[in-house]
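Labels run A, B, C and D following the written order; every chain starts at residue 1.
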Amino acid sequence: MTINELLSVLFCLSGGVFFLAGTAGLIRFPDTYSRLHALTKADNLGLGFIVLGLIFVAGSLPETIKLVLIWPLAMIGSSSACYFIANHVHRLTRNKGITRD
Amino acid sequence: MNLAFDLLVGLSLVWVAWRIVGSRDHFQAVVLFITFGLILSLAWTRLQSPDIAIAEAAVGAGLAGVLFMDALGGLSSSPGSPRPAVPLTLLFPCLILASIMAIAVLFVPEDFLGLIPVVHGALTDTSLEYPVTAVLLDFRAYDTWLELGVLLVAVLGVMGIRRIGSISGSRLPAPADPVGRWIIRILLPIMVLIGGYLLWLGAFAPGGAFQGGVVLAAAGVMLWQAGHPSLGLLPRLWWIVLLFCGFLSFLILAFWSLFHSGRMLAHPENKLWILGVEYAATISIATCLISLVLASPGRCRVRDN
Amino acid sequence: MNTFFLGMALFLVLNILAGLWRVLKGPEPADRMVAAQLFGTTGVAALLLLAQALESPVIRNAALLFALLTVMAVLAFVRNTSYRDKHNNDH
Amino acid sequence: MNSLLIYSITATSLFTIGLMGLAAHPNLIRKIISLNIMAGGVFLFLISLAYHPDDPGVDPVPQAMVLTGIVVTISATAFALCLARRITEITGSSRLEDKPEDTDS
């Protein structure tokens, strides 16, 4: 096992830990706002670690660039989705007359 | 490990499908259906069909989600039925059907090769290097041609139901807030780029007219979601030209080869012909799918009693 | 090495299955939507790992598309539910 | 027990589950989702027959058929949803009941 493969395994495993944390957060957190943390923080970090791990074994330069491109795109997508959902929930609770800080 | 992965994906597909059918809440069923598409694309990946995984990614994650969410918003949100979703009298015939089909699967011979040798033998006759694209655009060009016809019929049907003649007057969603406009400004050029890249890739690697068209369609729908009329900006004539250009280019190719070689849709000698047909088909697929999504929301213009 | 990547992908699929509990339980539609978006990110990672494990780099295109497109369903969801609320308030 | 068997049996189960949903649900959106599940089952069956793990690779003809099939399915879904909207507008309900209600109004 070369040093590259070892690093790759290490980073992928830590990415897996973050995904596990994200899933646990999705299931265990009490309300919608806190569940959004699982989406925007834990899973994006997990994806970042897995991308980082795969870069070590990706091979050619174009493939590496594609891999590196995927992470910021996924982050843009999920963070804006988080904003939309949070905005939506906030509007709903405000319309119902429930104040929630 | 392969076997474990296959078992897990298969079981989760069946379970998710069962939950989709069994759930009372319609919104829950739609979200589960989006997840179903995701797991299905993992199965396509495992079965070494990257073309289908790409198409499923664009259709399942993008277009189908938008269509069903729109439909949930438009149709009345009546709560699910209080009785059990699946009656028992239906369960037994379906179980029998499933077991008959499963037993039939056992009789598929192990060394069943299908059409692989034929396709690979004929691949030297065509100017395309990637077999799936060669099948789509050359060997089974009739299928692709009529498939474009089906898309056109679907668009005409939707236009007929909505009683509208073009999508230029179709209802716009409320303009997205600054964040929505910002992400669309970032994501849209990348999506158009990927659509073109997939189209270019199709001659020698997984990609091609269908995948490129679906990705471009998703880009158009996303633009529309930001409150921009996207294709609705076009004059009606240009919109019709874009809708029909794929179908018409196949028609022209058919007649051209009929006069030159005596057979309809024979192998064109020149690679430019195939590329032209492929590009026209991509534009038509994208235009048809965008029109289908854009034309559906809102009420009908004329209400008859 | 490929077996390790396939095993990681399997682990991510297990994560998705565990997260389905939130979709089923849900109480609000927004919770279900959060779960769907989370599956999108997990699915991107699983597809990337599968691309490495099965040695077919074109799968990365599919992963790229998932990363780009999962937000579309959220946009449609927010638009339609807020429209429906406005509609209900009118009557 | 190999991958071919797993995926084909999954495909037949998906087809049956979709059929069951199509018959059981009165709501039109649910019927259309069930149709989509059935389509997924058919596609999975075709591809599982096309897949050969050994040297000849994957059969391109079913792949091309499924590729066209996916695009046809999404356009048919859009058309069906449009029809469902029209039915809802005319009858005022998005359900198909066994006993038709009085729709005099």
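Basically, contacts are C-beta pairs under 8 Å (C-beta built on N, C-alpha and C of every residue); 3 or more make two chains touch, one makes a residue touch a chain.
This one's a predicted model, so the numbers in the text were calculated from it and none came from an experiment.
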Of B-D and A-C, the pair joined by more C-beta contact pairs is B-D
Chain A to chain C, mean C-alpha position gap in Å, rounds to 11
For the pair chain B and chain C, the C-alpha centroid-to-centroid distance in angstrom is 19
Among chain B residues, those touching two or more other chains are 2, 9, 46, 48, 56, 70, 72, 74, 180, 183, 187, 190
Each of the following residues of chain A touches two or more other chains, namely 73, 77, 80, 84, 87
Among chain D residues, those touching two or more other chains are none
Pairs of chains in contact here are A-B, A-C, B-C, B-D
The residues of chain B that touch chain A in their complex are 177, 179-180, 182-183, 186-187, 190
Per the touch rule, the chain C residues reaching chain A in their complex are 1, 4-5, 8, 11-12, 15, 18-19, 21-22, 28, 30-31, 33-35, 37-38, 40-42, 44-45, 48-49, 52, 57, 60-61, 63-64, 67-68, 70-71, 74-75, 77-78, 81-82, 85, 89
Touching chain C in the complex, chain B uses residues 1-2, 4-5, 8-9, 12, 15-16, 19, 23, 27-28, 31-32, 34-35, 38-39, 41-42, 45-46, 48, 50, 53-54, 56-58, 61-62, 65-66, 69-70, 72-74, 77, 173-174, 176, 180, 183, 187, 190-191, 194, 198, 201, 205-207, 215, 218, 221-222, 225
The chain C residues in contact with chain B across the complex are 3, 6-7, 9-10, 13-14, 16-17, 20, 23-24, 26, 29, 32-33, 35-36, 39-40, 43, 46-47, 50-51, 54, 56, 58-59, 61-66, 68-73, 75-77, 79-84
Chain B contacts chain D in the complex at 2-3, 6-7, 9-11, 13-14, 17-18, 20-21, 26, 29-30, 33, 36, 40, 43-44, 46-49, 51-52, 55-56, 59, 63-64, 67-68, 70-72, 74-76, 78, 80-81, 85-87, 90-91, 94-95, 97-98, 101-102, 105-106, 108, 112-117, 119, 131-132, 134-136, 139-140, 143-144, 147, 150-151, 154-155, 157-158, 161-162, 210-211, 213-214, 285, 288-289, 292-293, 295-296, 299-300, 303
